[in-house]
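Here is the structure we will look at.
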Amino acid sequence: MQEIMKQAKLKAEELLTKGVVNRVIGWTEGDFSYDCSPATFTLDNLDKFVYTEFCGANLSKYLIEESKKEGKILVFLKPCDTYSFNQLIQEHRIKRENIYVVGIECRGKVDIDKLRAFGIDGVLGCKTEGDKLICDTIYGEKTVDKVDVMLEKCLSCKGKKHVVYDELIGEEVVEEPKDRFGMVAQLEAMTEDERYKFWQNELSKCIRCNACRNVCPACSCVHCVFDNPDSNIASKANTDRFEEKLYHIIRAWHVAGRCTDCGECSRVCPQGIPLHLINRKFIKDMNEFYGEYQAGEDTETKAPLNSYTFGDREPHEFDTKEGK
Amino acid sequence: MKKIGVFVCWCGSNIAATVDVKAVVEACKKEPNVVFAEDYQYICSEIGQNKMADAIRDYKLDGVVICSCSPRMHEATFRKTAEKAGLNPYMIEVANIREQCSWIHKDIEEGTEKAIVLARTAIAKVLLNAPLQAGESKVTKRALVIGGGIAGIQSALDIADAGFEVDIVEKKPSIGGKMSQLDKTFPTLDCSACILTPKMVDVSAHEKINIFAYSEVEAVSGFVGNFTAKIRQKARYVDTAKCTGCRACMEKCPSKKSLNEFNAGLDTRPAIYIPFAQAVPNKATIDPNACIKLKTGKCGICSKVCTAGAIDYEQKDQIIEREYGAIVVATGYNIINLDKFNELGYSDCKDVITSLEFERLTNAAGPTKGHLICPSDGREPKKIVFVQCVGSRGLRPCDKQYCSKICCMYTAKHAMLLREKHPETEVYVFYIDVRTPGKNYDEFYRRAVEQYGVHYIKGQVGKVIEKDGHLEVQASDLLADEQLHIDADLVVLAAAIEADDTARKIGTMLTASMDTNDFFTEAHAKLKPVESPTAGIFLSGMCQGPKDIPDTVAQAGAAAVKVIGLLSKDTLKCNACVASPNENMCNGCSLCATVCPYGAITYVDKEFRIPGGVQVRRVSQVNEAICQGCGACTVACMSGAMDLKGFTNKEIMAEVESICK
Amino acid sequence: MQNLKLREKIEEMSGVSVLKCMRCGKCSATCPNYDEMEFHPHQFVYFVEKGEIDKLANSKSIYTCLSCMACVERCPRQVEPAKIIEAVKLLQIRKQGNNHLKPEQVSVSLDPELPAQALTSAFRKYSK
Amino acid sequence: MNFTYYPGCTLKAKGKDLDIYARKCAEVLGVTMDEIKDWQCCGGCYTTSQDEIATKLASVRALVEAKNNNTELLTLCSACHNVIKRVNNDMATNDYFNFRVNNYLKLDQPYNGEATVIHYLEMLRDKVGFDKIKEKVVNPLTGKKIGAYYGCLLLRPSSVMAFDNPENPTILEDFIKAIGATPVIYQMRNECCGAYCTLEDKAIPKKRSDKIIENALSKGAECLITACPLCLYNLKVNGGDKIPVYYFTELLAEALGVK
Amino acid sequence: MQVENKTFKPTIVAFCCNWCSYAGADLAGSARLSYPAEVKIIRIPCSCRLNPMFILKAFQRGADGVILCGCHPGDCHYTTGNYYARRRMTTLFSMLNYLGIEKERTRVEWVSAAEGAKFSAVMNDFVATITALGENKKLEDLRCKK
């Protein structure tokens, strides 16, 4: 990872110096090494650029606002981030010609909360060696199985292929996509009431901080319906039993067929609500009902909800295996 | 504060018997904003309408709710009255308390209660209604007809006769289409050329008709009343203004080996050619794939023999841009490729021919001057086998699922004509079903059997084997439960028809919907059979599905009437309830456009003032002349920027809330 | 006579639906062994549709199909008669003691030049 | 170019020539044919009934071998090609069949039709290329008028075999051109020779073969070529005096100078 | 509690497309084919106009069942509207059920302008189903229920 970071930084420096781009979107560290967040760089502050095990954030959304400004931008995208990028291109939210995409190698990012749950505190830095994660902490070096501390979204990685890039840094590790729908299937197998309890329990934790919406690359409306008093569903806080459900259903509905399953919503949720399970239900259903579709795989294919066939299954057949 | 008036209709006893109308009036009076409420026996009557108009004026009403029968019944009446009284017609809401209430509920208490809810819901909606103005768009008074076969010709003539300009675009060097290749026509057996040629001459002589032959439509933009088409006029290498059609060039051209398309490839033509004697325009065309001069630079004989000096080897394709108010699609058909049906021997055996080739072989203007011979060796056939449904009605990838419709009749025609001209020939027709719906059609087919002694055999041909110059036809005779082996001289295949290969391209260009067989879809199978769902596009002939000449001509005329109806208007009144985007909320994501069935949504980059400067954003625009108001886009839109006038999100939400109160 | 259960079974085994047949007779037109058959390909389809399967099963015709697949290939409706004939035949020879070809019959008719393929496929076709 | 090769029973006995010449030619053309060690007889005939798995297991075993070798499965005898290719199609498309076979075989990894079955002729056309063969010909059979006899098994059902246009095939004709000879087109080239009926009723293949040979002769064929041992047998036995019949590999070997 | 259940009258919102189903409802009316008064119809131009937000709003405000009626697939006045509606509702209903909402509370029926009898039958059946299911406790908005 050190090596990749060095290469990335050199690449950024090169492109900035040559004037190919005039700014860079990447990650920077906060007060702690595990506190990585997106940031914009020029030659002046490029030394603050990092690419570590904690750079889980998907940078594509930041391009929407950035690409409206003058000049070309360099952005670093991990494999799963490239899907969001393509989706934004398809929706004309960003201009391809204004952006220089450097695909960057990723072998799964680390969830600091999971590390802490393992009793690993005071982390100064981490590195991956094979299946292990070696953590340098103020209490000395600690080693864990990486799979135990990876971000939820990395546990169901779509594969390590960049679907769009101008240049690649690091290797494109060939990897079978992991099963994404196991948990959804488990929920489907429950009774209605069990499911209701499960979601009531999860969603009642929602504090309507809107972090899921704000981080989501698909939730990028110029003006969100929840902020629009004319929409009749605008609301700021959960004031009743249904409010949080309404919010999350509508949010999922609005990104249905557009969600690339980047997992950012669950990553940023301060309450740890497994929001990706809602999005994935839509993805799983649409795959089963209308054929495999991966949002952001290309910039042409129509999303399932924006197309149709004469023989589509009927609405009441949603829970049958074959439809008609 | 908006002032709302409510009228509750008795509809005689139709409503009043199960709904306490007085109670409804009282309940409405209690609703906020309602300044006036009254009941009357028949609001749709003249007196009722006058009462309504008076109330609108006297109380300066901003909106009116009428609790009465279904809006499908009298909404238009109420709107007219409102407009006369100075209220925007879209400020009217009808609460359906008859069909949805009094007629289906027997209990007066229950009926009244529901009627009050329905009235309240209508009040909630009308409070949010905005006055709407139906837009208008200009109509360009010229029609484009794509395809110059009998369908296109008929449509063009009818439109032009009504006094409107028409352009015909035909991809071949001459108009005339498939019909010009036919010999006789069923069920009257009159000569195809004799009835078509005068029409072709009419077209060329008509001052309102402009023929773009050897041309193709390259792009179409715009919408009903305002289309712009780009037409590519392919280089003929002949100046049509100068060419006199004398055909001296054709005689002297040394490159005579090109297959003659007009004779279905049964003979050859020179590289410079006029496809047939009655061609319109009667002008020569050089085939660049065969012309020695164009390929090698040497030759130039035609240029030397042309006394008119019409040959121009340097000619280039030209793009012409024209504006139209309406477009008629008449792209026609072709017969399928028979490569996948070679058990019938078409690819290897010269004496296995298609019905179209048979037409040319029996046509006096054809390659044999109408003398029917076997193409292999020129002998006169004595035994002829016709095979029906080749490629039609099947499910395999090589088959067409539909019935090609015309084959039964033309085969009966062929068989009959054969027996008439050559009584000594034996004629067999292998059929699955003989389908002859149509005036005088079955009588025609029966004549073939009964008067002309054509052998109709229920069964199919399974294999054709050529040996010693003859064809062994192996076939089933299902009624006799026999396998036949007929020693035939000629086998004629009724190949399935398919949409012309340019149809898909043109359909895409016009955003006119097509079925999986590339036939154009009509707006309604029964009630709008000549209109495409895309406004301003009309369908004529085979491009919409298999049909014979009488049906084609009828449809061509019908399409023309629709075009005339459209072109006779100076402006088009648009639907007022159309989609309308709020550009401040629009993401420019194109999701709305992907679901729009009419292609009514486009995008522009627009500047917006933001704090500290200007920002350019891509935003959607709805062409109100095209939008039909289905609302598909409003749901595809995530931000809620796209809304539907007359059925806005807020209005429907208000109705929902009112019902669920 | 009618046996719709058996018809269902045959449709299941053959994987084709007899109701798709439009009675064009292409199968019987194309069949190279038509003359050796008592019941012809189109009749197999029709009698199965009617559920009159016994008479087919008891006919020698089930052993005369050459499995050349010409009718399968040329059937415009994808009814594929050869598959139906095979299904009827299997119903017959799967019954105990109903093998059409027995090993002892073979040695007599064996030509020394005959390829092994003829033997194996004949056994596949005629015996269980 | 490496292939996993499935010869089949007939090619080890009465149809030896087909195999021997094929191997010789492969060597010249730079093709390696790795014969499966313990192949089992394909059964000679595909049972169309969807409820049979026992008769199709041998084919699956061969297919699994090819999958494990990570090469295509090369066949030569048309009967084997037909059976194995159709079974492979069942494995790939018929879920219930697939389930039952995998359940029975208990392989390390379930087999789902991953292997590709390729006939020797397809290999010549698509992998080697007829142009390349033309270059390698040392002894062109110039002037020889050859009728290609396809029979049934290579072509039908075309939805599965996808070998060539079933009603108007050209692969053997192109092959004939590649070895310098002249193809003769005749309509009976894709009609049945009578097949295994020869065991029960010799009259059937006699009638069929006569018709085929008569048609070929009337079109001027001097000899016939085929890829099927049983076709070769039926045609030879019934018309050997009227027209010689060869395996296509024999003429290929002759043209390549390795006969 | 028991007594309340017996007199439970559900609130049903029926969205009907203007061209087929609304006309079908009219036909049911003119044929006097009764169905419960709990059904209240909202007219929309096409089934594809139905925004899932309307359904959720209805539930939030105390509806016990929501039904959408549109033209039969292939017969849409706007050619494609009901195809979109069908996909949208299929996925939405599946989602609601996934969150634990009874699948019976939502329904789509294709009712043509000629199917007055079907309209009435559908509404009778839907109301019976919802009545049997009882009050929509899972989704209502407590603030708004009277």
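Letters A, B, C, D and E mark the chains as written, and numbering starts fresh at 1 in each.
Definition applied: a contact is a pair of C-beta atoms (placed from the backbone, for glycine too) under 8 Å apart; a residue touches a chain by one contact, two chains touch by 3 or more.
Quick caveat: nothing in here was measured; it's all calculated off a predicted structure.
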item	value
For subunit B and subunit D, chains touching each	C
Chain at maximum distance from subunit E, centres defined as averaged CA atoms	D
Most distant chain from subunit A by Cα centroid	C
Which of C-D and A-B has more C-beta contact pairs	C-D
Averaged-CA centre spacing for the pair subunit D and subunit A, given as whole angstrom	53
Separation of subunit D from subunit E, taking each centre as the mean of its C-alpha atoms, in whole Å	62
Between subunit C and subunit B, distance of the C-alpha-averaged centres to the nearest whole Å	47
Multi-partner residues of subunit C (each touching 2 or more other chains)	70
Junction residues of subunit B - those touching two or more other chains	343, 396, 463, 595, 636, 649, 653, 657
Touching two or more other chains - residues of subunit D	167, 191
Full enumeration of touching chain pairs	A-B, A-E, B-C, B-D, B-E, C-D
Sites on subunit D touched by subunit B in the complex	159, 165, 167-168, 185-188, 191, 214-215, 218-219
Touch list for subunit B against partner subunit E, complex	70-73, 96, 98-101, 103-107, 110-111, 113-114, 117-118, 121, 513, 521, 523, 533, 577, 595, 597, 628-632, 634-636, 644, 647, 649, 652-653, 655-657, 659-661
Touching residues (chain side subunit A, partner subunit E) in the complex	187-188, 192-200, 225, 231-233, 239-243, 245-246, 249-250, 252-253, 256, 278, 281-282, 285-286, 289-290, 304-306, 308-310, 312-319
Subunit B contact footprint on subunit E (complex, rising order)	11, 13, 18, 22-23, 25-26, 28-30, 32-35, 37, 40-46, 48-54, 57-58, 61-63, 77-81, 84, 88, 120, 144, 146
Contact footprint of subunit B on subunit C as seen in their complex	20, 22-31, 34-35, 40, 42-43, 70, 74, 76-78
